[in-house]
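Both complexes below contain chain A, partnered by chain B and then by chain C.
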Partner chain A sequence: MPTDRVRISRRGWFLVVAVIIALLPFVIQDSYWRTNLIVCAINIMLAIGLDLLVMKLGVPFWMAFVFGMVLSGAAGMALSIFAVRLRGHYLAIASLGFAVIVHQVLLNWISLTQGPLGIYAIKPPPDIALPGLPVISFGNTANMFYLVASFAFLFYLLLDQLVRSPIGETLKAIREDEISASAFGINCTAWKVFAFGIGSAVAGAAGAFYASFVGTLVPDAFIITESFTILAMVIVGGMGTLIGPVWGAILLTILPELLRGFGDLRLILYGAALTLVVLFMPGGIAQAAQMFRARLGRLATATDAGMRQ
Partner chain B sequence: MIASGPATAAQARPTGAGAFFCGAGLHKRFGGVQAVRDISLTVPRGGVFAIIGPNGAGKSTLLNLMSGLYQPDAGRMIFDGVDLVGLPAHKRVRLGLGRTFQKIRLFKQLSVLGNVIAAFHIHHDIPAWQYVIHGAAFERDHARCRAEAIKLLDFVGLEARASVLAASLAYGEQRMLELARALATSPRLLMLDEPAAGLNAADVERLVERIRILRKRGMTIIVVEHNMDLVMKIADRVLVMDYGQYLFEGTPLEVQANSAVIAAYLGA
Partner chain C sequence: MLTVVLQQGINGIVFGSLYVLVALGLTLIYGVLVQINFAHADVVTIGAFAAYFFTFAFGGNYLISIGIALMAGAALGWLVNAAIFAPLRERGNELLPLIATIGVSILLQNAMLLWFGPIPYAFDSPYSNKVIRLWGGTFITLQNLIIVVVSALTIALLYAFMKFTFMGKALRAVSQDRETAGLMGVNPNQLIMLTFVIASALAGMGGAMLGPILVLTPFAGTTVIVKAFAIVIIGGFGNVEGTIIAGLVVGLIESYTTQFVNPGLTDIVVFTLLLLMLALRPTGLIAEKREENV
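Moving on to the complex of A and B:
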């Protein structure tokens, strides 16, 4: 059965990725690059969360982690009541507009956020003490990486299963043609609210990690350019796929660091790279990879046929 | 049993006696255009009921009122004892109303199989948690849906094209996929909006044959059609509309013999 083979190989890939994640901190001893790795993992979560939708709120830990997920999920659903009428670019613009509103609220709600001063000394997640094992402290960047990366991986797995279920077809049907979707009993509004909620909840989890990792929360962390960067990760990676935003997040987190040597020129290079992707790879890295695989496949069958002749 | 008249339509109450679908005094206006004016119809259970008329007669609008894409400005609709007015399209599907579109509305970026599976939306039987952690019930549902979808593709002659993108289908194949998707909702009343539009003679023949099989299985079918030939072949009852209004109703033979219908079609 071909489908079974595909499924096993997918599980195999997940295992490979899990092993790579586990080994990365050993390979990378430099704390600077470890920091980048953590930001990578956080961004992956943000980006795959954003792929279902945009929104973020930062909050303290474990209880707050769950609370934050629920809260941002609910906030996303509330926002979606206004947003369900919008599609594509208009939806993206509306979410960015919402980001501006959030920034202003964070700046001015001084009793909650201390305004532009921000909130400082946010503690990392509490140590985990398992009987018989050394205490795991998240002040250590390697441990923090494992924690964040595991969650990024876990969310990826769950969302991957979700879009591989009939819900994936339902959401794609809504994306393709809402009138047609409703003719098959799909309640488009309800499903859009659901997608907003899930996307926001994942982004909310990322927000919790962001706060406890950086240790400070200032309103300027939520400025619109930040939202643009995350949106860019989704676009560069490939909208409408789950793996695309992962590549987008890794690339756009690492790339600015690699370009640091170029000084201020790096911003121009970064911008040029983004423009090129949007111009020549509208489907992002995911589409490019798919085309590349298809070409390889054709090449393989061609040589195969050639050998048989 | 099948009663509708131009003069008494506004007063006519859906009686439900022997009727499967019943509409009374339906009106729909778009800006200055009265697309449907005081239409009443009674569709009996089983058989093929055709709605015909010249271009712009309001046939598709009437179908859109019945499927819930539009809500009527006035009038009532009863389907198998349930009042339809106010119910959104997606809820009517669960009652057993299925439809296709005149302007083909496939999910172009989904595979042919994916299109049919998406149309199984109301039939899934999976516990909520298994959507994120696929278990036995999920696999059962998945296998059942695939098998059903392939059966439907087989029925419309598209089983060999299951894995290609819907966008890459030929025009006639797209029409057949529209039919397969509508059947995936297991409708009791299937509404086909110009299913033969743009089809060549061989494709029309294949379509007629499929409709006959569905009719034999006991499905009630409403066809909005332009193609008189097809209507004469398959319809048990025909409602003729012109300028949004009732013109005539009767058997295909009566319709062919009616002078008002001939005048409307020939523009006399």
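Moving on to the complex of A and C:
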């Protein structure tokens, strides 16, 4: 395979992982969007920690994948003890604290994680041998790309269905007004726990793919600033829409790559771009696209106009 | 044994008072704006570098360099408010300024990385080697004594300013109710600007004093700011007294964990305390009427 294609597909892979990661906050965001995004982003670190545990035990990949999702989901539910009681910046800082603890545990639990050295040579998912077809190996970046891309698409569809279903309506009701929602007999606490569980389970899936693609797990790869980059994807893409985070993830994953030509100035420009988007495009790409469509004379439908501000 | 306990107590108070300086800035900004400023970490770093270059490149006095760092911080605080918080203030979305300041933080850290390089700077204060013997075999370096005295004086001045001057009272009024304070003839925009300048000046001077203790790289401020967030929560967001107590408590917990448990576990202990506080007493050490946030 020409090296050029390999490079492109690797970039594409990162992009799709970013898409998955960016989709995670959505379900949670819907239940009460402000800060749960952060919680979810930070859950990824936790998810990876748990995946690491599973991987280390030598369980086959797909089993580890399912375990990772279930364990992450359970941990997300555990974290929702705080979510049920706290709001606003308090919840953001609580999740920040949780992230620091997970990071430190990973760093210090040397017998499990080898501390700052990290774990190496994690195997890609096993080959798939379907009768009558050539063996599909995931050691190949292009195949890995298609695998993760299809999962990203699958999760997108599932979340999209969830949001449109009565469950999605329930979560929206809680987001809009908790007191009214409970007056209608909705158990807000249970649904919040549910939302956290779903979001974290998807994060667990992303963690499993991350580990098997990169092949190494180093605790420092999941520092807090990385989690905030994921939150930034959601903001830049546009909150309150399902497609917004996808655009944000694509843009913020590609942008540093495009800026690579600028050498050392790359991340300076990235920081500046992020700041400028927030200052001048607060509704994100989704809202900008919507305004563009409206300007073309096509009326945006009520569902498209899901922006809150 | 008693000597060790006392000695670690002194060390804890030294670190604690620096944490208080940094955390007070965050809590002041939160009190007035209900916003989190992520670029606060870089104000600390820039303060440390300003002091370093003043002391070593220009041969200046270390004590004066603390003042230089204070001014550098104040200038940066003014800039962050004018460029980010003022334009985003009326948008009503609390996440936007947070993300914008993350962008600013990425920008500043990488600009510093470009100028100063990734290799840690050896910021040796001329006072680090002078040791003052205290009771029972304990000691304190002159540098650490400077840290405690300067921090205590600054905190006392700030407290007096908040409590007794017109501007300080106006500032507290704005943090209680911006609209009403505006109707009483207080200019909220001016006061928010003042808050940023004061908060960042504290962070800058904190940086100048942290410089000799930390590993001075463009990312030095981040490690401090994460603890400062914990302190702000433990003390109760926007609560000045609570922040002071929490900062000292965290400093003490850190130094005792390092001594008696395991230096690698300090952050785990501090942040477990944070989560416990949030679960059991989310209003902070000193309860305040801010129920809408919890």
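Criterion: the second predicted complex is superposed on the first by the 230 of 309 C-alpha atoms of A that agree within 3 Å, B and C clash if a C-alpha of one lies under 4 Å from a C-alpha of the other, contacts with A are read in each partner's own complex, and residues count from 1 in each chain.
What we mean here is this: a residue touches a chain if its C-beta (ideal position, glycine included) is under 8 Å from a C-beta of that chain, and two chains touch if they have at least 3 such contacts.
On a predicted model such as this, the values are computed, not experimentally measured, just so you know.
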| item | value |
| --- | --- |
| Chain B versus chain C as contact partner of A:278, first or second or both or neither | second |
| Which superposed partner A:181 touches (first chain B, second chain C, both, neither) | first |
| Touched partner set for A:94, first chain B, second chain C, both or neither | second |
| Touched partner set for A:232, first chain B, second chain C, both or neither | second |
| Contacts of A:81 with chain B and chain C, given as first, second, both or neither | second |
| Touched partner set for A:104, first chain B, second chain C, both or neither | second |
| Touching partner for A:265 - first (chain B), second (chain C), both, neither | second |
| Partner touching more residues of chain A, whether chain B or chain C | C |
| Overlap of the chain B and chain C footprints on chain A, listed as residue numbers | none |
| Residue ranges of chain A in contact with chain B within the complex | 158, 161-162, 164-167, 169-170, 172-173, 176-177, 179-188 |
| Contact set on chain C toward chain A in their complex | 30, 34, 36, 38, 84, 87-88, 91-100, 102-111, 113-114, 222, 226, 229-230, 232-233, 237, 262, 264-265, 267-268, 271-272, 274-275, 278-279, 282, 292-294 |
| In the complex with chain A, residue positions of chain B that touch it | 67-69, 88-91, 93-94, 98-99, 101, 105-110, 114, 117-122, 124, 126, 130-134, 138, 141, 145, 181-182, 184-185 |
| Residues of chain A defined as touching chain C within the complex | 34-35, 37, 81-82, 85-90, 92-94, 96-98, 100-101, 104-105, 107-108, 224-225, 228-229, 231-232, 235-236, 239, 264-268, 270-279, 282, 309 |
